[in-house]
């Protein structure tokens, strides 16, 4: 076995976690009083404000098909990180990383939406990172699900969709996993993320199926055993996150 | 007297305040663990996250003069408001209102800074509106002062400036005032702001001098008496905000 | 009294003016043969070409309300100033100062317009600074009023609005005032503007009411006495400008 | 002969000119008090403000070669024309036509400059169309030459180049010619330009040599005889413009 | 005669051609299986992929007039040239040269189109330079004609225009000519182009009439004799290109 | 087993391939005579031109570390696809998909580069899709490897790196796999790609290790068995592509 089993069993992480342990997860539902749905989600020191904006109607290319639309935008405050970054609004263009993550969040949430049941409504999920310490995209997906679920509850209560419509097919959550010094680990903090040889973001439904698997060799390429060990950890983490989501939504 | 004295004395505001009463003000110092200084400030439902990023060095045009630089950037999350706005990063350009407020915040804070005492350091104040209910620019100035003061304390503790340097000449705070149905009122919430005939933002130092007076007739032009009544209210409000700033900073 | 009364009475200005004296003001009505209204205005060496473009119809967000729209755009030729600036078109974005002034001009002119009487027509005021020597925004507002009035006369003569419609509620003019070496002064030229401790732009109707009061402490904050002295000067200057506007329009 | 000889001899132009007659040409040297050289040039109702900005140094790619640089930027005020155009600064990009004309002006003026004699100095020619009635690019080239010559005189008087340096190798002027209803005509006004089957802009030195020949079939393609007739007219017009330039510069 | 007759008769070109000889010309019709018409054209080492995209409908400003529209876009791959250039998409704006050439190609092709016969259809010609060795714009025009003709054949075969409609009035081709060391030469390769004193691009119809004549003095201005010698060469080259176009289209 | 085994064994693909069969693969090495390395790669009808531009020096942030840099840019010609898309240069910004793929190609190639052995040199890989029929990003990676290898050979032959330096640690290739009607399939053409329930791009080294695994549920989420079946196919395909790369490079 190519994995560093000793590191994997010993509790050597900087913050004292075991390799298969999530950081402290906190979800504050309804943090915003303006949006139809919202959640402030924390994965340790990572804090993402997720809002769901629901409006009647769909983009032009989808009109008249009786289906709704869910999309997402991800962004980071300039001083969410340890050193300040220039604002993308000031630079006048959106960077590749931002684009990539926005698209990932949107796809992830659409995977558990029945757009027919949503009717011709649009939900935009804004995920703004207020503080970043690794795993911002996975926190964003996990929090955006809560905001999305709230906005659908809002839609039902306000008769924007029928009382019997069930646009949510499942829940969805995401976590990062990686290999550090040969050991697979769950939910990387920033100091771990920069050292990881392999970094993987995994998006999983409440019923345990994959929505996205994005594994990248940052250092040496990885083999099938490593891939499998990472997937095991990811399924463990996302099942715990799914439980927290259910608890939050009541 | 041209003012609506009855309205001004009667407590007729939507949220039950008297005309000369601030909303509940809350300042959470150190809300961010990443920035050299930070504050989450709330004027009622208006919430602005202010961070101060301190770096050695100054912009090219200021090099070699032995003086520091303080600047600010203001922005609003897309769903800070009641309906969602497109992101300026997505539109690829910054709107006039954003530019205008960023410049106002920067000027306001520079007015109480001794740039010689700051040395060749730059402090960028990011004021991001997380939730908007009127008065975001005045909350931003008031909160940015706290973040700024924290970052200067940080600079002194970390020997980035000498222990005896006093870059802060005074404190600074801001409040909006306006005339609604003929009555001058302090600290307008959004529902008041949109109805105001005249809207004024006033930036005042802790010692009670004006840094900025920006009065605009949204409806009918205003006369000298109205202007004076608004300035009286603004001085009252900013003196209370200055006290809260002092209490927050200890 | 905190003001420098001696300087204020002595005629010590670079161009020999007294502290309460406007520069030579010249307004050439109809300078452009293309626009519905136009004026080349000069405040000393400051020259601004103002054109009013009147078109039927209003922006989408105003349609069907039976009201018109007035807006403004301000810009400066690259070599209007003593050293050349890059064009905003070449930079691909509009700077904060340009945005801010365009918005100020638009608000100022809307303050004296009865949009109902204007009908569903749009007037765009372009204020292009051909030569800059301080006070370009106040010259722009004062000249734009003349172009606006001309375009409304054009509209009436060409039956675009009814003969009895009176879209102009009043006249409007603007002037800058400032404190230099402790002395309040009227209509600052560029060499004065850069030395001013406090700089204020005041927009006043023909009937002497305030539309905008924008005072900024460039150096030390200012007190109430200083503010009042500046407002007195501004009212003096704008009343003279209003007379010149009336003379120009015949 | 394929040309409409009758039309060419009859004086049938809208403004009463003969086919080989320039519009009234006026050049006001030194119109701007800010620039090192300037000229307001008028070809009939077409008015272009040309300024020359001279600075020490050259662009990075030219450094250390002991040669200077001359470049140009052309732009049009939004209401220079009969209907208002959006500003390129507002659109955030420069149109193809603007780019094309800026490049043409720059090449035309560089053709008569000895960059060695200019030394490592840069001259930027800004040609801003204040009013447009056809022929704006040719007026711009003709006026820019005057501004350029003035700026070189300024450089010599201020010892920025040596008293004996002769950066100007020749003069340069430009005119438009075109075929309308089969008749070749000189210096087209806007109403003529839009009707022209063939439109040609010709840039010629004071000694009668070609710098640019840009002929375009707007309607039917043109033959060699037509081309020759147009070139004859262009040489006639530019020789007259060259004389006016010499008279203006004294 | 001012031309260098000896050089003009001696075969002194780097690639062994005579002064009046085209490079090897190759046109691969139908290179793309996606577009309605396409051609890969080679002028020696210069390779341009031309595609014609035909769609029903016309731009808004042309609707309802029963006429079609033909336009073109030119671009260069970043490593088409000897050193890599930044992508215009990455820079976020299109350069002046690109704009200028796109407009030239569009005008050239519209000159031989009967837009009435085309009906309300739009054809966009994309000319992408895969490899550049001088003459890319003239190769693009010559190749775009072939793609255009193919797309019209496609339109006729697919009943998008009537069987009897003849939108093509003529053929069109283009070639560059220039003066090098005093000798006029045909179809300049890159090493020749950079040395040319005068550079001219000439667009000519199959029937030998001029569509565009764009001559530029890169070094010394040119006289009438030189101009005539260049035009002679251009007519020779374009007549050969027209024959190759006819052979290609069968 | 949840997979559609029958479909997987039956040869039901539109182009007659079996489910585990690549399209016809063609790599033309040295297609460009301008670049230091180049390859025109074809996966069936998908055609991508890959060039490698090698320059001395590295980006500013990497200077002085004795390491090289490899990066990539992906783009598509406007009519590479069945309907024309607007150019990103014309739109003035790069889309999310383009950004995402450029980053993927860059990471993939850096994974097999020893940047120390490369020295302070930069290689930019431009991957321009000339014709698109599915799998453009995987063709781009596979072709870019060939261009990269060529450019390193060029560097060695031209003494830009030492004769003994081995910057290439391995080869790298990529392929898409997906599940269509329940059957896992290799190397999807466009008509298959749009129907796939799950779509995965896998980047694998010549030694069979993973560099990137990017799996996305386009329709229903996928389970572990499906993931494994897809990975098996991907490893089969990339091992064949690695052989073709070796054969091409000789």
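So that you can tell them apart, the chains are marked A, B, C, D, E and F in the order they are listed, and the count of residues begins at 1 in each.
Convention: a residue touches a chain if its C-beta (ideal position, glycine included) is under 8 Å from a C-beta of that chain, and two chains touch if they have at least 3 such contacts.
Remember, it's a predicted structure, so these values are computed and weren't measured experimentally.
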Contact-pair overlap exceeding half with A-F, pair selected from E-F, D-E or C-D: D-E
Cα-centroid distance, subunit B relative to subunit F, in whole angstrom: 52
Gap in Å, rounded to a whole number, between the CA centres of subunit B and subunit A: 34
Where subunit E touches two or more other chains at once, by residue number: 92-94
Chain order, ring traversed from subunit E with subunit F following: E, F, A, B, C, D
Residues of subunit A that touch subunit B when the two form their complex: 32-35, 38, 45, 49, 51, 53, 55, 73, 75, 77-84, 87-94, 98, 124, 126, 128, 130-132
Touch list for subunit A against partner subunit F, complex: 93-97, 99-100, 102-103, 107, 111, 170, 200, 204-205, 207, 209-217, 220-224, 227, 231
